[in-house]
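In the two assemblies presented below, subunit A is common to both, partnered first by subunit B and then by subunit C.
And then the complex of A and B:
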């Protein structure tokens, strides 16, 4: 059963330069205990989508259903009461914590505002949450500024899980942290997910992190999801040239690294176009080596790859003709090159 | 002076000459100077709570034989440190007793003004849009009016009383609080932790009261200290003009007013309460700016 269903969400912003569509008709769903990794470049609308799902920015269209409740149809008060079922971990660990509240007040706040338990029960829940995320009890009275970046993010996670939510939205929870700390935080999330059977939307631009955590992956480009499928499908057999380019651009210490980076450069040309003036038809065509006139004329619909009831889908006119060689298996060096 | 200013206090471009002047004072105070300032204020507060401890004589005891004694001259009662007034009352005792009402009016009026200003500032800054425009135009409209004249008008119409002073004086200060708090709230509402508290499920009241307010509290405190000084001056002005506090109540402003006709023969009756008032306002200002500079450097 899907705990979270996001259907055709559109988010537009007015900027000084004009109206931009940050999220353009995104649909996705999350099952209990499942982790969906959402990847894409900076500025592709990942964070805006997360905020739209959290109902922190207004949606122009579409719906977000949490446990069969349409969040958009709720009054402000009803929405507020629902929020303990869906919580969020933010990118900036320090900035997301009130600098004047100590650790136990920060973690206890969701319980307090939702009226969960009495004072003693809340204290117990806070202590339990701190233990779950690996925070020593000694930091309970500290202010965020007195914690390390990793500890700050642990506080952010503890606050998000203390109400026992069904869905956890993680918006690049580790990208502001040192690499050595990232792994620890990832492991915390990994354990919590299993322990609390959380459905998790995990947003990142670091593919290795996403691969480690995700059951399914969605690739976002200029406000649209261009490819989605199970982690092994998307990473093993990327169908969209952009996905392939992204995966190839991850530097790895092996013999094919240089060849892969050449592939990445060939598949992702130039710079991200402006959201103020998105390309017609396929959003990716301005950077795609396979672009044809058809790509400029018609927007490719999501098409299933493989069986129709499968999870793997791609938005590309030419995915059938672009025989994507899997960048994943290491056995043949030639498979890194892409044939048309 | 120039060296000291350039070295520490006046650092950074965009500082006005006013800031540099305060900077010089703060520079001279060093790192412990604020203790002196606080001590002075504590003395004033103590004098207003237990004036009898500080006043050597009954502040209402008249003696026509020993009127207008200069500072240091004696009557059979003893030495009058700061002299006596036209009715032979001890000036020092009167200044001590006057501290109570002076401080009471200034502090109460400032707190009321601060409460209104902080509330409006938080609401305007957090909600923005129409609420913000309405509240800020209200503040501007009021700032545009010569409030001191309006106060005189009101007090002359309704008759001077301490109560009306405490209602009128906050009008002078609330726009200042509103502006400062609004600016802070505007900045803070863009911070992720405010967004995080919305995501957590906090109500607007919780966000304003538990997240925004504690984060602007240090600035409010500093502003309060400075504004108490300003309100004190305004009250003195109104009392001086005869529309403020009325005898037999007394404040420093009223003392100055009472001494004015005798300025040529008994300078101390005007100058000494004036000096006390001036020094108090200066101390409050210094302390406020000192804390501001310290907290600015720390955070």
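And then the complex of A and C:
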């Protein structure tokens, strides 16, 4: 059963230069214990979608259903009562923590706000959350400024899980961290998902991290989801030229690294267009090497790839004919060696 | 003949909480046109090494530098400020992670490039303006004449980094130092910038020193790589060699730390426990010992020497040093030690 159902969400903003559609008809769903990775270039609408799901920005259209409740139909009070079931982890661990509160107060705050438990119960929950995210009890009295970046992000995660949410929305939770700390935090999220059966929406621009953590992925471009499916379908056999371009852009530590980047450059041409003036038809056509007249005239609808009841879907008029146009370079023996 | 030869470079900051040995006896050389990646965790001394080559420290830094930096027949640590200024941005170009903070927000992009050309090469105003447009075209900016008249704020992150690159190569430097030039960029833009750096290096015959925390970025742009930890170079190799022959436990840790794109979910990641020492190097042990699962007694009492573990492959680790006596044993010594 889906714990989260997002249907045809549209978010528009009025900017100085005009009106933009940051999220343009996005639908997705999340099952219990499942992680959905959301990838795309900066500005494509990932954070705005996350904020719409959290009901932090008004939606022009569409609905967000959490455990069968339509969040948009709730009064502010009712919404506040639902909040503890859907929580968010942010990119900047330091900036999202009140500098004057100590660790246990910070982690206990969501419980107090939601009026969950009495003092003793809350203390127990806080201690449990700290243990789950790997924070030693000794740091309970410290202020955020006295914590390392990794510990600060653990506090951010503990705050999010302490209310026992069904859904965790993580917006670039490791982007601001150094590589070794990234690995620790990724493991924490991985373990939590397993132990608490959390449904997770995981936003990151690092495709390797997303592939590592996600069961399914959605690729976003100019406010729309252009391809979605299981992580191995989308990353292993991408059908959309943009997905293929993104994947080829990831520099890998092997001998074909530069060759792959040259492939990427052929698949993603020029610059990201402005949301103020999005291309007609297929949003990707100004950068797509396969674009035809049809692409400028008609917006491609999502089409299933493989079995109609499967998860893999793509929005491209020509995906059937361009599938194998740019094959992946063969995995070299040396890169396999590294995997041991 | 080497273009750059760094000998026993030490950089120490005096801070309120005591000395920080940010660079602790670093030696390496680069040939003309060579490409060298420098990899390591945050705080390992990569940027300070790069800044020390050109003595690019702020006046508020209480810093001591020793050693020698031979570049093109002169020791950059000993020449006077005026000659050093000619080298900075003249024979050695530099680009940094955040292109916006390094550009003047109030000056048209073309003017900024032209000004640098006049400063370093003394060309006339009109020549400089024309060359600025050429340079923008050279780094792949479409409609360069129009773009030259615009302010940096109207450029995307990737275009700003292209502008920085055009500034850095304006004087046809013999060497380019790029400190995390793509960390703030999207992967698609990163791919373009890395290819651009690679193409420029080849076409201009310029040496490239690229600092990053991503071995993939090194693999795409550099022939050689050196791994830095606590102010020391702990491993040096060709990138092709390092793929399957990483020797130093720290390098192996770094390689295993990050998920690799080509792997589907393969269980938990392997973070390196603990943290790098905040005071840098300078001890009488292997600085990595507190985090190293192969450490033996000797690692705690003596600094490991740099030993050859393969062709043009050096590692500073006691395991490698001990194995080096047996010349046939190269690569991954600890696999057997386990």
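By our rule, the second predicted complex is superposed on the first by the 323 of 340 C-alpha atoms of A that agree within 3 Å, B and C clash if a C-alpha of one lies under 4 Å from a C-alpha of the other, contacts with A are read in each partner's own complex, and residues count from 1 in each chain.
The working rule: contacts are C-beta pairs under 8 Å (C-beta built on N, C-alpha and C of every residue); 3 or more make two chains touch, one makes a residue touch a chain.
Everything quoted here is computed from the prediction, not taken from an experiment.
A.B. asks: Here subunit A is shared; do subunit B and subunit C fit on it together or clash?
C.D. replies: fit
A.B. asks: In the three-chain superposition, say which chain, subunit B or subunit C, touches more residues of subunit A.
C.D. replies: The partner that reaches more residues of subunit A in the superposed model: C.
A.B. asks: For A:208 in the superposed arrangement: first (subunit B), second (subunit C), both or neither?
C.D. replies: Only subunit C; A:208 stays clear of subunit B.
A.B. asks: Contacts for A:110 in the overlay, against subunit B (first) and subunit C (second): which applies, first, second, both or neither?
C.D. replies: first
A.B. asks: Once the structures are superposed on A, label A:146 by its partner contacts, choosing first (subunit B), second (subunit C), both or neither.
C.D. replies: After superposition on chain A, A:146 lies in contact with neither partner.
A.B. asks: Which angle, in steps of 10°, is spanned at subunit A by subunit B and subunit C when each chain is reduced to its C-alpha centre?
C.D. replies: 80
A.B. asks: Quick one: is A:297 in contact with subunit B, with subunit C, with both, or with neither? Answer first, second, both or neither.
C.D. replies: So A:297 meets neither subunit B nor subunit C here.
A.B. asks: With the two structures laid over each other on chain A, which partner does A:250 touch: subunit B (first), subunit C (second), both, or neither?
C.D. replies: second
A.B. asks: With both complexes superposed on chain A, which partner does A:194 reach: first (subunit B), second (subunit C), both or neither?
C.D. replies: Once the two structures are laid over each other on A, A:194 reaches no partner at all.
A.B. asks: Mind working out whether A:128 is in touch with subunit B, subunit C, both or neither, as first, second, both or neither?
C.D. replies: In the superposition, A:128 contacts neither subunit B nor subunit C.
A.B. asks: Which value, in Å, gives the least CA distance between subunit B and subunit C in the superposed three-chain arrangement?
C.D. replies: Comparing every C-alpha of subunit B with every C-alpha of subunit C, the smallest gap is 14 Å.
A.B. asks: In the superposed view, which residues of subunit A touch subunit B and also subunit C?
C.D. replies: none
A.B. asks: Give the list of subunit B residues in touch with subunit A in this complex.
C.D. replies: Where subunit B meets subunit A, its residues are 191-193, 195-203, 206, 211, 214-215.
A.B. asks: Using the touch definition from the top, list the residues of subunit A that touch subunit B in their complex.
C.D. replies: 51, 54, 56, 80-81, 83-84, 87-88, 90-92, 95-101, 109-110, 113-114, 156, 159
A.B. asks: Across the complex, what residues on subunit A touch subunit C?
C.D. replies: 41-42, 148, 178-184, 186-187, 190-191, 205, 207-209, 211-213, 231-232, 235-236, 245-255, 257-258, 261-262, 264-265, 268, 270-272, 331, 334-335, 337-339
A.B. asks: In their shared complex, at which residues does subunit C touch subunit A?
C.D. replies: Within the complex, subunit C touches subunit A at residues 41-42, 142, 156-159, 186-192, 194-195, 198, 213-221, 240, 243-244, 254-255, 257-266, 268-272, 275.
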